[in-house]
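These are the structures in question, set out in turn.
In the two assemblies presented below, subunit A is common to both, partnered first by subunit B and then by subunit C.
Showing the complex of A and B:
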């Protein structure tokens, strides 16, 4: 799928069929995350792929943000040791932005390969951390849930262009 | 350009020719940012496009992170009012991740359209905020610099797959 088409047609998909996600597709999604740029090339992340139905059921119980049965949950961990090693004064902020960059790579890769996906942030971090054996320095901070879309979501609204895009200084609309 | 190709061949480009960036290309890059998903659809951002040579010279003086003469700098602002309105307990973290998502959309759009781009975080926020008339609630947090690449950067190293991708629980390598 063309890059711009992927960017402009991607939607957050939260409802899935139970068709399995092929291994080679999932691997490309993960590789897209691994390939992401990050502040100082710190790559302050780790990705735990959960597909076991019993484990997914526990994750659902720990995650108000999961409203259906995704066949795959990628749990994104933020590694504070790497944040400290590479970060400056604003290192923590750049680390969060880096996570967003990696997540968007995964969302676009999934969409371009025919999957639906969505970032989910509402879950019990301490419970997930313990349940998935995260080390002390790594915190689970976001899920990417994915699978085959059951419905095609309608596009959400976006803010008006002239309130977001400015020319030369803030407040001067970009024509 | 194909989405996966864009994801896997994108590089951080920091050196540019002085060829101008066509308006319609720049607009698509901005639209890619505007179209990005964000936590609670908060869209906690604004984008200031700087192209005026005199203004770019001032930005360079305020920005140790700019090492060449980019013909375009998109200054990304984070709107704390929107973060507060939409954010929960972890709202600030999700806002930073949302900025990363929007920035990656812009980086991939730029790359797919033949431009080079790079996120830049090293600049004097207070100085840039004042110089570009940012309102009190909005902080400039990241640049996307872009233009036509002068050199093709070599791929930076990435961490080993087995230290980043895990199956079911942290520490179990994803095969």
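Showing the complex of A and C:
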């Protein structure tokens, strides 16, 4: 699957089979996250991979945003020490942007490798941090849930091109 | 499944309910009914796993699971909930009919 095809055919998958995700496939997804662009090359992230069923059950209890039983959850940590190292008032915003880019890389990699994936933001941060033993300077901020899709989601709507793409100045139609 | 297994699964459900309650303060208002529907679905799956099951619950789970992954509007979900509640009432009435008839 080429890059553009992956971008245009990716969907958020929330329902999974219990087929395991092969180690080599998971590794490629993680490598895609690690390869992401980041502000000032700060790479302000860390990824905790949870696959043990008992631990996934606890994570699911702390995470209303996980609706089904994904076989893999990648918990993305935002490293505040790296954010401070980048510095500036916008450091935090740029760090979030960097995490977003890494997550999108992982979503696209997963899709191109035949998996389904979805970002999840609804979880109890303090609870997850305590359960996964995050160090003081790292905060869990997002998940990528991952597995073989049980259901192929229907494409969601998109805003009209004319309302979001402009030429030279906001509001001028892009022909 | 054992009592220990049931205790474990119910404890996990407690965690889910507490976490949902906490999270809803910062989430869109229409997440509330969805979280409760999801909790009902989790509880039903738990009941089935522990052999606490009646055949009519199969249909409930099918509907709830469809809604958990679907894109229903608020109005559509309310209608689904109405139907589920009526089905639940039927089940409760059936399970309690005959009780108290013998003294």
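Quick note on the criterion: the second predicted complex is superposed on the first by the 175 of 175 C-alpha atoms of A that agree within 3 Å, B and C clash if a C-alpha of one lies under 4 Å from a C-alpha of the other, contacts with A are read in each partner's own complex, and residues count from 1 in each chain.
Assume contacts are C-beta pairs under 8 Å (C-beta built on N, C-alpha and C of every residue); 3 or more make two chains touch, one makes a residue touch a chain.
This one's a predicted model, so the numbers in the text were calculated from it and none came from an experiment.
After overlaying the two complexes on the shared chain, residue contacts for A:63 are found with subunit C alone; subunit B is out of touch. Once the two complexes are overlaid on the shared chain, A:151 sits against subunit C while remaining clear of subunit B.
In the superposition on chain A, contact of A:14 is made with subunit C only, not with subunit B.
Using the contact criterion defined above for the overlaid structures, shared-chain residue A:50 touches subunit B, although it does not reach subunit C. Partner contacting the larger number of subunit A residues, of subunit B and subunit C: B. By the touch criterion defined above, A:127 lies against subunit C but remains apart from subunit B after alignment on the C-alpha atoms of chain A.
In the overlay built on the shared chain, the residue A:103 is in contact with subunit B alone; subunit C does not reach it.
Shared interface residues of subunit A, touching subunit B in one complex and subunit C in the other, are 156. Put simply, subunit C touches subunit A in their complex at residues 12-16, 19-20, 22-23, 27, 31, 35, 38, 68-69, 71.
Contact residues of subunit B toward subunit A in the complex are 1-8, 10, 12, 28, 30-32, 34-37, 39, 41, 43, 45-52, 55, 77, 90, 93-94, 96-105, 107-109, 111-113, 119, 121, 132-135, 138, 141-142, 156-159, 161, 163-171, 174. Taken in their complex, subunit A has these residues touching subunit C: 14-15, 57-58, 60-64, 67-68, 122-124, 127, 151, 153-154, 156.
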